[in-house]
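First up is the structure itself, then whatever we jot down about it.
As written, the chains take the letters A, B and C, and residue 1 is the first residue of each chain.
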């Protein structure tokens, strides 16, 4: 597995993997739908899979002395690392954003607070749950995987932002960076994290099974 | 010891099927895997490696079933698929750096020797290589971890005659110790004419012959003669008969050649065998 | 030890090797107990298949020209002068019968044949 990850970083990497991390800076924009900064990770994941197809990464890897399932698992780990890196790098910018932007000043969407990170993890969970199995059904069709999981992610954001904007109760609970509210938002973060782990694990498992049947 | 045994391999596609493909290869020999384009050579090789999921059949590498021992089996395999250009933007040395990590028996000196022998510069990117150079690079990777069994798909196509000759010499020196075997698919049969010990001939997804090259070549003769001779000849003994304005040519079992007095009888090359046998339904 | 293979010959490769080595043994060019190179090395050098060489070696052994010591290799059998002559005559007889069949096919009489042999024996 370590060797496969080394391969991912040495050969299968895509420049956007690192470039898009810089979009954490978007969290400093006073009025902005902050989800956008994280959508780019999904795009970077798509680019990794797409170039993988063009560079025949799957066949090269499948010829190495590895089990077919480990190829999928290593790729899942890579994506998890990308997503977690994006979240972790964003945390200091979110804190900085709270310092420089007054509370409740973001009319464009939810504040970059604890609950928001929980919702972002939920978004990644949904993306992984759809993207991996759709891709590994063929190990070829990255475009279809992006289209479906991308639409689902958009829908997720619209619903999440819509609820925060339209329902006063949810708005009061989630759309605030007040220090006292952060602690109360922790369950949302925990739920997002839990969902993320569960969905990614399930998606990976299913992908392993699907990929086993794919003819390369 | 059998380094490779393929038993009852079946794979069904919409327009093509591998049917009950079986053959085996002892250690210390070169086996040529021949057949026209689309006959199932690559599908068979991919099925051996589990890149293609066969519907039925068993693969054994060094006596060990491949299913369930994929990783261990692949350690003993060197694989090169011709025309496969992985990671065009990456440098050769990066690809080698990745590959070596997967093989405990990787030999850096051997790898460097092959680079030198093949005149490859590993600072180059894959996209800068010619088709032949790409084949050589994948061979260098396949040969550098002391594999017992080499599975090579079209390793000589795309190479000039001098490189091909060099490769055949390399193959023969690889099996000189008697511990390694090479299975290589090709449609350039003249390479096999020189070095192959065994020939496995696949046609339309079925194995037509898998035997010693010499005995296969001894089994058939080319029969040529005027059309008048063809008219009175027993056509059931002729294989893949071709008629032209001035006469005919066909293949016949060596034992049957006596039935064609007056005909020009000669040895057939592998290529001729393929051409005539492939015509026959 | 010399082996020169012909691609255009009608003879199978193993037969060519067999006959050439026979000749060298019969003529005494290969001495008794001379160790033949390993089969695989010969195959590599001549660019032919291992099995072809193996077949030639087997034929040589069957005809008593060489013997095998397991683990050591194959050696030229020690033949007495009269044995060598006998084997030489065997080889000649085998070849001659084939050739004679060909000449008979061309309609040559015994007398014509002998005359031709007289004529060309010293000036091939």
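For the reader, a short list of remarks on this structure follows.
Note that in this section a contact is a pair of C-beta atoms (placed from the backbone, for glycine too) under 8 Å apart; a residue touches a chain by one contact, two chains touch by 3 or more.
What you see is a predicted model; the values in this text were computed from it and never measured.
Comparing chain C-alpha centroids with the centroid of the full set of protein C-alpha atoms picks out B as the closest. Each chain's centre was taken as the mean of its CA atoms, and the one lying most distant from chain B is A. Chain geometry summary: the mean Cα position of chain B and that of chain C are 33 Å apart. If each chain is reduced to the centroid of its CA atoms, chain A and chain B end up 46 Å from each other. Rounded to a whole number, the gap between the C-alpha centres of chain A and chain C is 77 angstrom.
Put simply, chain B touches chain C in their complex at residues 28-30, 168-169, 172-173, 175-178, 194-198, 212-214, 218, 266-267. Looking at the complex, you find that chain B touches chain A at residues 46, 49-53, 70-75, 77, 79, 81, 84-90, 94-95, 97-99, 101-103. Contact residues on chain C toward chain B in their complex (touch as defined above): 10, 12-14, 38, 40-41, 43-44, 47-52, 55. Put simply, chain A touches chain B in their complex at residues 3, 6-7, 10-11, 55-57, 59-60, 62-68, 212-216.
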